[in-house]
Amino acid sequence: MIIILKENANKNDYDSLIGMLTDRGVKVSGINGVNHNILGLVGDTSKLDIDLINAQPVVERVQRVQEPYKACNRQFHPEDTVIDVSGRIIGGNHVQIIAGPCSVESEEQIISTAEAVKKAGATMLRGGAFKPRTSPYSFQGLHEEGIRLLLAARKATGLPIVTEIMSAEHLDLFADIDVIQVGARNMQNFELLKQLGRSDKPILLKRGLANTMEELLMSAEYIMAGGNSNVILCERGIRTFETYTRNTLDISAVPLLKQRTHLPVVVDPSHATGIASLVEPMSLAAIAAGADALEIEVHCNPSKALSDGAQQLKPEKFEEVMKKIKPMIEFCGKELG
Amino acid sequence: MIIILKENANKNDYDSLIGMLTDRGVKVSGINGVNHNILGLVGDTSKLDIDLINAQPVVERVQRVQEPYKACNRQFHPEDTVIDVSGRIIGGNHVQIIAGPCSVESEEQIISTAEAVKKAGATMLRGGAFKPRTSPYSFQGLHEEGIRLLLAARKATGLPIVTEIMSAEHLDLFADIDVIQVGARNMQNFELLKQLGRSDKPILLKRGLANTMEELLMSAEYIMAGGNSNVILCERGIRTFETYTRNTLDISAVPLLKQRTHLPVVVDPSHATGIASLVEPMSLAAIAAGADALEIEVHCNPSKALSDGAQQLKPEKFEEVMKKIKPMIEFCGKELG
Amino acid sequence: MIIILKENANKNDYDSLIGMLTDRGVKVSGINGVNHNILGLVGDTSKLDIDLINAQPVVERVQRVQEPYKACNRQFHPEDTVIDVSGRIIGGNHVQIIAGPCSVESEEQIISTAEAVKKAGATMLRGGAFKPRTSPYSFQGLHEEGIRLLLAARKATGLPIVTEIMSAEHLDLFADIDVIQVGARNMQNFELLKQLGRSDKPILLKRGLANTMEELLMSAEYIMAGGNSNVILCERGIRTFETYTRNTLDISAVPLLKQRTHLPVVVDPSHATGIASLVEPMSLAAIAAGADALEIEVHCNPSKALSDGAQQLKPEKFEEVMKKIKPMIEFCGKELG
Amino acid sequence: MIIILKENANKNDYDSLIGMLTDRGVKVSGINGVNHNILGLVGDTSKLDIDLINAQPVVERVQRVQEPYKACNRQFHPEDTVIDVSGRIIGGNHVQIIAGPCSVESEEQIISTAEAVKKAGATMLRGGAFKPRTSPYSFQGLHEEGIRLLLAARKATGLPIVTEIMSAEHLDLFADIDVIQVGARNMQNFELLKQLGRSDKPILLKRGLANTMEELLMSAEYIMAGGNSNVILCERGIRTFETYTRNTLDISAVPLLKQRTHLPVVVDPSHATGIASLVEPMSLAAIAAGADALEIEVHCNPSKALSDGAQQLKPEKFEEVMKKIKPMIEFCGKELG
């Protein structure tokens, strides 16, 4: 950590800063500049509160040298984290295709969709039982019943289930679910993250609409600090000024996150773009950039979907997309499933 | 609601769309364009799911004519909502100054700060007991003990208390709190909003870092749809590419929200800018633009603050700021307190 | 075009609006809603000024049905535009790799880099003679001399040249250049675009840092409206709140632009990310998403580069990247060069 | 300037970095950290190219300590710059109201509007002769004829003229204009800025839609580095994800820029919001925050305006707004005109 001091630092304030820092066990070295003096801190600065230092009267600015995340930092854990989800491997040499409807709507709908995506090559099933909707007047999901139907679909197809949690109070309902998803709007719902840290289930953590990659990693850190290291990151588009797409899919997040962290990275091209016809090219681009899995929305009858119809693929279209995705996975030297 | 049809709409799909719409009780009128046909829907379109219509095969695009929010819409409730917070009036001709530390840290700290801000003219006390922090390694608040200390500070000064909730599971702890705050990161924590809708306490709802005003109003709608109409909106800065300030304070949100909704609007210049020296000019600008209250961070000893030291004012600086704020409130024809 | 009228429209103002519209040769049909009446306009609405209609006292809102661009619109020109650049084909089944240094710095530097990138498989040469720099104290390019050196490098290698223009006053200097580039900061320098519309040279038009795809297409329209239809679009990253990358590369712009326009689309992974190690994965992703060319910065000695050293590849690293790019181009059923 | 070195820095590369730095006349001090070594540079670092240092193989990251702008930096020029525009003072204790139509459309229109705004209290006249329009099919301004009409309006009213330049080639036409405006889209048209640096006319420089305050100051620096220190900065709204307003007016830019620079700061509430009814509250907020002038669009007949009708005020509405603005200026201890 580097501290840049104000030009006309008061001696007492300066001494009080140095005292505070040495009290916290770091060693302080100084460089005298012309207009600014600079302090370099040596030691374990991870316990220092950057806000506290910034608030000292002699401090102009503080710069971190070390990244603020540790458990998920590749520097301290160079090998890829590989997560076994009921037999499906996320990370390493594998690519999983997680497909299914935006919302679970009925037993017939989820089972027929599960069968269709499995047939086309999907390796895991997604479907929402608890739906975060902007409007209180929109369909909010089938809740407990939705979870029950997802488990029925798993029984019918063998596909492991990914589904979203919206409140820690519902955690018991997710006991048999394979992967618990935290949606973009809850990426910084820290109370939820803390409770998921006490679980041992794989957590698929989506990047918030206006969150930096560093914030995503800090939210992963919340879960890992609680003891759960089965965290899967997901890029699902960020909010920009562009209006043709719902969000802007930040594919550069895939290789960049993989440099910074050992956790696997998933891409959701359906939510990122909001446009069914972009799912194929964005899926191919994501795999080419190194994504460990894709989450794709597929609905047997998008025109009757209770949510997000415009971005869901019909099973026959999904089959076509899979015919492009499979050779791309192989071309990239990886393995589907 | 207006539906723009695709150029080469299939007759069956067209009939199925019309059937779906009339089934839902709306009347459909058409205009034949050259390349596109247009449908206008007459009746109560608030129950129509825009996603569902967008997903119909013949639909090119759907445009709302009516706004998607009702309970908070000024069109259906022209008079200002005025909320009585334990004797302090938010809305109408009043301006409240809500001041206090970012976090409650100790009995001595919160009581001395409460006394200092009261002396300077603050009319309500803020302070965080549950703190949403980006890092799991930062101070997370005193929790129950923090609530207890806030109530002690109210007893000592008579100032009503505003404090943040982070999970519906903690709701019981807030039974004696005057205003429950929902932070920016929880603006779309819909499960929390639903539970607050069942409370009758005033809710101060902060705009998310990357949320539109319409989304803020939809989140207010969640609370109001549950039966709680005591909602206070808060603009606290949005995330942009600018780096000199922590966020960009969108002061135009004040008059614009007041055109669209009858709910009161508060501004938080401390979090919005992250810079103590900007609190005064931004406070004056917010009042000039019509804000119903300000939320200002004040700490007896910012250089020892456990969070957000750099943006908190010392009591003596806050006193100076209040000497500018008070005449501005009067100049704008309003009343402090 | 659809016009939504205000609730309590004044009869005279209404008649004046209808008069204005019919004077401009469009037919007006109406739908009577409950709170709002809606007008649909039939005929050539491209000459109607949307601002003018919005300013009419009875108008609540105006919505376009047709897109505002025509010359570049795929609807009116379904086949891909394919541009022959001195024997290199941009568009269709071809992928061009345009490589070279950020700035031309010396004869030795540009010729040795040109030879190196050609050897590695690049098909065109890029290099800046006029450099848009944020600071007036940074290197501004070699100007005329830089153009001369680029032509020398073309002579030495046969690679066609792409280089940036910053002012229409310099147009004469570009007489022998193969492709004139318009940088992101000049995307809406409309006077420059108009003058380039009178040229017959291929123009590589970069998307501005905060411009929508529609605005990019409208800037292409400026050039095409002047008579020059040799326009190549370039996605080079947009500005967001993310800080780990310089900009956010919007790869979804590639397939989306190709749906809307018949013009070719190029991707610049070097400027988009600002990080040399991301050039390879982003190049592969861009080709997988359908890009017609890549623009990649390569410098013989990045640590001595006069601009943008951190994002430029060394020739040996570029060679490695090309070894990945070439099979990806083939895998996508396309041809390098 | 601080340089953070990579963990495993090669000795030769390290020596070559130190050599490069000392060759450029700066003194280098070091701090040895655990994982990273840190260099502090003492001396005139303004001539060091940060890109070049970043590109050195041993460098992890570079941080500026000094700001990159000098001529406009308040640190080196503590007193406010006050600019005399043909007798009107911009800066210091004065507030100017610059009003007039978006575009000059006819002699009758500009003269009657000039007379109306003067009567209401405006102290300067604005009007566009060269109009940057997104679409090539929109009205582009009257050009030379527009300049002639503006001068006629000045003759009729005595109001100094502010009007926008779009290309350095038109500079001769602006010989009699009082203030030359550079629009948001040309804020980084560096060739134009350089030529304006050779002029001695006051330049009103608008912040670009996606430009930081630092970039705005660097563009001012371009003009000042050329010898013209008569630069007036203008905040006119930045682009965000919000859709209710055209842009987001960043009022915090006013006090923040005034901390960093000695140049005057103007606010344009008309372009920032795009909504006529927001001009009054945003004008009051801007003055309360310390703006030195406002630029307000007024049109005798907005419903016939050839551009931006929806955001222009009628003269009678402008008169009402001025009745609020004048006492606010006095309340803030300043003087109109």
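By written order: A, B, C and D. Residues from 1 in each chain.
Keep this in mind: a residue touches a chain if its C-beta (ideal position, glycine included) is under 8 Å from a C-beta of that chain, and two chains touch if they have at least 3 such contacts.
Source: prediction; values computed, not measured.
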Compare the CA centroid of chain D with every other chain's and tell me the farthest one.
-> A
Two candidates, A-D and B-D; the one with more touching C-beta pairs is B-D
CA centroid of chain A to CA centroid of chain B, Å | 26
Calculate how many whole Å lie between the centre of chain A and the centre of chain D, each centre taken as the average of the chain's C-alpha atoms.
-> 39
Measure off the straight-line distance from the CA centroid of chain B to the CA centroid of chain D, and report it in whole Å.
-> 31
Multi-chain contact residues (two or more partners), chain C | 210, 239-241
Mind listing the chain D positions that touch chain A in their complex?
-> 2, 4, 29-36, 38, 40-43, 61, 63, 65-66, 210, 239-241
What residues on chain B touch chain A, complex-wise?
-> 46-47, 49, 51-52, 54-57, 68, 130, 132-140, 166-169, 185-186, 188-192, 194, 208-210, 215, 218, 221-222, 225-226, 239, 302-310, 312
For the complex, which residues does chain B have touching chain D?
-> 210, 212-214, 238, 240-245, 248-252, 254-256, 259-260, 272-273, 275, 277-278, 281-282, 284-290, 327-328, 331
